[in-house]
Amino acid sequence: MAGNSFGTLFRYTTWGESHGPAIGCVVDGVPPRLPLAAPDIQHWLDRRRPGQSKFTTQRREPDHVRILSGVFDGLTTGAPISLLIENVDARSKDYGAIKDQFRPGHADYTYQAKYGIRDYRGGGRASARETAMRVAAGAVARKVLGDGITILGALIQIGADRIDRSAWDWNEVEKNPFWCPDAGAATRWERLLTEIRKNGSSLGAVIEVVASGVPVGLGEPVYDKLDADLAKAMMSINAVKGVEIGAGFGAAELSGEKNADEMRLGNDGRPVFLSNNAGGILGGISTGQDIVVRFAVKPTSSILTPRRSIDRFGNEVEISTKGRHDPCVGIRAVPVGEAMLAIVLADHLLRHRATRGPSSGSE
Amino acid sequence: MAGNSFGTLFRYTTWGESHGPAIGCVVDGVPPRLPLAAPDIQHWLDRRRPGQSKFTTQRREPDHVRILSGVFDGLTTGAPISLLIENVDARSKDYGAIKDQFRPGHADYTYQAKYGIRDYRGGGRASARETAMRVAAGAVARKVLGDGITILGALIQIGADRIDRSAWDWNEVEKNPFWCPDAGAATRWERLLTEIRKNGSSLGAVIEVVASGVPVGLGEPVYDKLDADLAKAMMSINAVKGVEIGAGFGAAELSGEKNADEMRLGNDGRPVFLSNNAGGILGGISTGQDIVVRFAVKPTSSILTPRRSIDRFGNEVEISTKGRHDPCVGIRAVPVGEAMLAIVLADHLLRHRATRGPSSGSE
Amino acid sequence: MAGNSFGTLFRYTTWGESHGPAIGCVVDGVPPRLPLAAPDIQHWLDRRRPGQSKFTTQRREPDHVRILSGVFDGLTTGAPISLLIENVDARSKDYGAIKDQFRPGHADYTYQAKYGIRDYRGGGRASARETAMRVAAGAVARKVLGDGITILGALIQIGADRIDRSAWDWNEVEKNPFWCPDAGAATRWERLLTEIRKNGSSLGAVIEVVASGVPVGLGEPVYDKLDADLAKAMMSINAVKGVEIGAGFGAAELSGEKNADEMRLGNDGRPVFLSNNAGGILGGISTGQDIVVRFAVKPTSSILTPRRSIDRFGNEVEISTKGRHDPCVGIRAVPVGEAMLAIVLADHLLRHRATRGPSSGSE
Amino acid sequence: MAGNSFGTLFRYTTWGESHGPAIGCVVDGVPPRLPLAAPDIQHWLDRRRPGQSKFTTQRREPDHVRILSGVFDGLTTGAPISLLIENVDARSKDYGAIKDQFRPGHADYTYQAKYGIRDYRGGGRASARETAMRVAAGAVARKVLGDGITILGALIQIGADRIDRSAWDWNEVEKNPFWCPDAGAATRWERLLTEIRKNGSSLGAVIEVVASGVPVGLGEPVYDKLDADLAKAMMSINAVKGVEIGAGFGAAELSGEKNADEMRLGNDGRPVFLSNNAGGILGGISTGQDIVVRFAVKPTSSILTPRRSIDRFGNEVEISTKGRHDPCVGIRAVPVGEAMLAIVLADHLLRHRATRGPSSGSE
């Protein structure tokens, strides 16, 4: 099956290249009679939009989204929803060198090898520009989830500098250009990234996204476990190299006693977990606790320092990237991670509705 | 779509519970005229089989596999291949307490909440016994990949004790009960796990699986990237909490200069990478380098020390697990990780064949 | 995607060859807590079983079905249900000639050309024996549909001899070996088929299957219309060459005035249709009327009269089939058509549950 | 899975309503480096375009298609191809009555019942306007098939008036407004439809589509048989009520002797069939003969004569349709049927490439 779609019942397909006339997506499987208008989507796109601080690419894209189908009188109709964003600031005149050279860390070489052709302008289909449509689809997914489920994301590490988790404050996330929940770390990162940007270098990052209010019972064992689909969703984002759930790689270091999330009954008689090493998922099914997902983004591959590479004619070359690029592409990955979390949950919410039994207590 | 299948063109479906009459799988999409006989599959099952050392569960299952369809005169026919293993040593008489209680860290609670019913005998469908069929399907996948692609796995960390990567020797892997490539670590782990087992405790682990000889060009951007499918494959294995490719979470700490895998031309005129932080995948497509995947397994949740929990009638209880269980379930995850890597590669090999162009250079 | 599965949410996969050790299927996506036991399935298999009259193949198969997974304490668990039937009366000793020759009208030539190998014993995977597993999966589908939906099938034409529709009596269907609803036609067919059988010839047939009690709203436009999925389901049955819904090909001859099914309000204030040319489906969605599907089965290709053909070595040959075969394979297609109708409806019932809106009136 | 996509490897998704701002589709899975430009698609759209004769709807749509992605330097890149057509002549001012009434034979009632909301303007998503995107996707499919495979369609029956098959001349098809291969029938139909149009009535039709040059081996038994997928493809077209392959329903009337397509060796030593009752498909796999598919289209439901119906408030009403509509919607279904045939074949060509064995002789 062609690879530009994601999801099973809530399923969307993206299309478009970085420097083509437009990018877009078709979201299929949206239940009918949900209120939806362009501003509902624009809100989330604006958070991801490039050029909002000196720490993200200076490409100026208004990213103005249009709804072309599937909505009538302000409500979804159950028909596919087509979303489209025109590319405005696509400076594709000067791609002389990049045209034939393979930038290290980029997909230039593999696209050329796989397809025998590539749209080299701005990375073409491999550009992070595609993630705008993930955010757009994520906005629709949030409508499916409803107000009871909250999804938030934060940057928790740039380079080797991690936040102090005891200083976590979700309110801080909106106050700095990094989506950083730790005010102290945000101050340090400001200095760090200013320097990195001046040097024409780049750094990687770690993002954490959290969903609260998720009902018990989402996830389809064995292969479509909620965590398995989340791992795929996050790893499919450009530049992501690792994904973990709950205690993640740290769980390897725990003893069985420490790792087990014990259960008690809450005052309302409902189950309460005393810890959340599981990240809200057991056996591939949501527990009702917060879903906690982290993912690592590698440093932007476009840097000023020349790197050795080859071109498609078989010559050895040296490449340094000028142009407009992010010193830490991880920053803009925060809203993208949130969107993917929303999308996976919306899909599994619909899947759970379909196959639960005649009088299931869950949901 | 129901969740018990994996893959797109090379697609298999598993069925069966830990203490039911049998477990099995159907592998569909296998190209015709590949030599295949039961011993080809049994070879890999024997590596995963429980009860082979004191460090894995003492359940005694011969795991004798039968091929029920899809093979004729020793060759695959293109028809679905049905594989079946009878459950022999399923001691299900005494499940009194477990029947109604939710063991912490297990899927008891979530299965009950999702389905309103669960086969509590030995974990039912959520049992690691299901992974036997992953190994069986992986054996078929290896036939699809052919001899040119080699897949190996190793345990590189138990608890907080990591191997010395400079001491890596693939030959060591077969010489100790841990699939450990570092002889020194294997000696330490022997002591460590003996103690853990005596205490009725457990530890987590990290596994690394590597594929060599993979051609350039496998992977279907944007959502079915090779690394995205690998992340899903590994995260779907029981008890896995994290997955990373190449430098993985470590990539977050690297500068763009250090992370970029530079390229030169080899003596044979073919591209050579000078490092492999990418783990053999760029833009979701294989580069021709080794594919390197790591995943973290949490400590076995079945431990002797009592843990607090609840039962399905809303009572608070304390649970300790006696029975036969692994002190480190990560050990047996090594052949399972290998199998999942083989399965993802086989699927993408077929997908690449289907859609590459009329005269593509790759493969 | 490999071709041995059918359905989206209610999805089953069949495996097995006519003369292999067994045939089976895995039914995935079955909601939990539905009562299910082997006799529920055996009941329907017994209706399809060969050797029950002189008008169907004399192969003697008890077709004893076993449930190997997915059912616990008499209820489905939401896990995949594995069903298995052992092949008992597979006389495969003598396939000398057929082994290398392509029987006209059979899949021998195309399987050989496509796969370069074929299990020639009894038709292998292309045998109508596969339809036993359709009936088994259909029995599970009926459980999903519940008692409110009734599915019945009838043979309405053998060769050029059609029933008199005004004489239709569903009670007659169980009283003759043809599932014929017209007692007069059944008497004629008895003579007709006796002669055909003596001559070693064969005849085609037309089957009609009807579902009553189907709620309004099943079907997913535009491509997964209920009628589109029914067309695929029926055409996938061995030997089927045509499918029609409601007025079917006859609709081409109607004027718009005659074809339109007018609507009025019934005594209970609910919509009533005054005719059913639509066959219970408008715009790909069920109307609440009876779903009416017809399909044509070609005459059995295995006949006594020699036919000209070739063998796989490039020689011209003449072939006549001895062995045990049906003079009218359409007879045994009746329960198979019923099963496929049940399967499509069960799948769409689950799909409709998943994506209907927050307060939909339907269902 | 949401229902607006078709195909497995060659997979497209359509979106858009009759009177929305635009309609479009995304075609995914197209192999790279195929020459493709807008005129290649426009050519086929122009054949389907409404308003070209007095026998089709007078809606004036230029149906000007734009390629928004997936093509670079005149070649496909392997990325998804987004196609868009703006709706120009959408007169949606006056839908007063239709807004709340259910037109008999239309999808008004079922859409309202299923979704609880519907875009009533021009039929919304249920409009035949959607078929423009089938023709567009079909144009891309033809590129995948290459010049060796020819696909042609013809109208062979209007109302009860059938062509004389012995007068079949493919050259005639382009010479009359009906795609009629029999010049005599075309003359009769001119008179017939003129009268029908004056009366404000409508008639059904039968279409035949034929593919020549198809290689042996396409089709994936058991459930994705080539004929099963063709049946689904055709039945998913608006107003289609029946589909048949080769001899179709007529096969039911044949004896086994007459139905069997005998084989001989041609002068070139390759297999030759002496007849084609199978319609080019045996066991769900193409034989190398012409693929022959027929489908029946019901008469247009929009007619002048008042019909009884109800509205969504539960009142009984009478409805007659004025507006612009086709007296025989079957005419415009000819290019749509061709497109669907091309799409199914392209999908199966890619699927066959993926899974055939290491040295298969076919294709």
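Letters A, B, C and D mark the chains in the order given here, with residues in each chain numbered from 1 onward.
Please note the rule applied: a residue touches a chain if its C-beta (ideal position, glycine included) is under 8 Å from a C-beta of that chain, and two chains touch if they have at least 3 such contacts.
A quick note: this is a predicted structure, and the numbers were derived from the prediction, not measured.
J.: Any chains in contact with both chain A and chain C?
T.: The common neighbours are B, D.
J.: Tell me which of B-C and C-D has more C-beta pairs in contact.
T.: C-D
J.: In angstrom, rounded to a whole number, how far apart do the mean CA points of chain B and chain C lie?
T.: Here the centre of chain C sits 39 Å away from the centre of chain B.
J.: Could you tell me the distance, in whole angstrom, between the mean C-alpha positions of chain B and chain D?
T.: 45
J.: Starting from the mean Cα coordinates of chain C and chain D, work out the distance between those two points in Å.
T.: Computed from C-alpha means, the inter-chain centre distance equals 26 Å.
J.: Which positions in chain A are in touch with at least two other chains?
T.: Chain A, residues with two or more chain partners: 1-5, 8-9, 14, 29, 32-33, 78, 114-117, 125, 351, 355-357, 359-360.
J.: Any idea which chain D residues touch chain C in the complex?
T.: 1-6, 8, 14, 102, 104-107, 109-111, 113-117, 125-126, 130, 157-160, 196, 201-206, 216-217, 219-225, 227-236, 240-257, 259-265, 269, 271, 274, 277-279, 281-288, 296-303, 305, 307-310, 314, 316, 330, 351-352, 355-357, 359-362
J.: What residues on chain B touch chain C, complex-wise?
T.: Interface residues on chain B, with respect to chain C: 1-5, 8-11, 13-17, 20-24, 26, 28-29, 32-33, 66, 68-70, 72-73, 75, 77-82, 114-119, 124-125.
J.: Quick one: in the complex, what on chain C touches chain A?
T.: 1, 9, 29-34, 78, 350-351, 353-360
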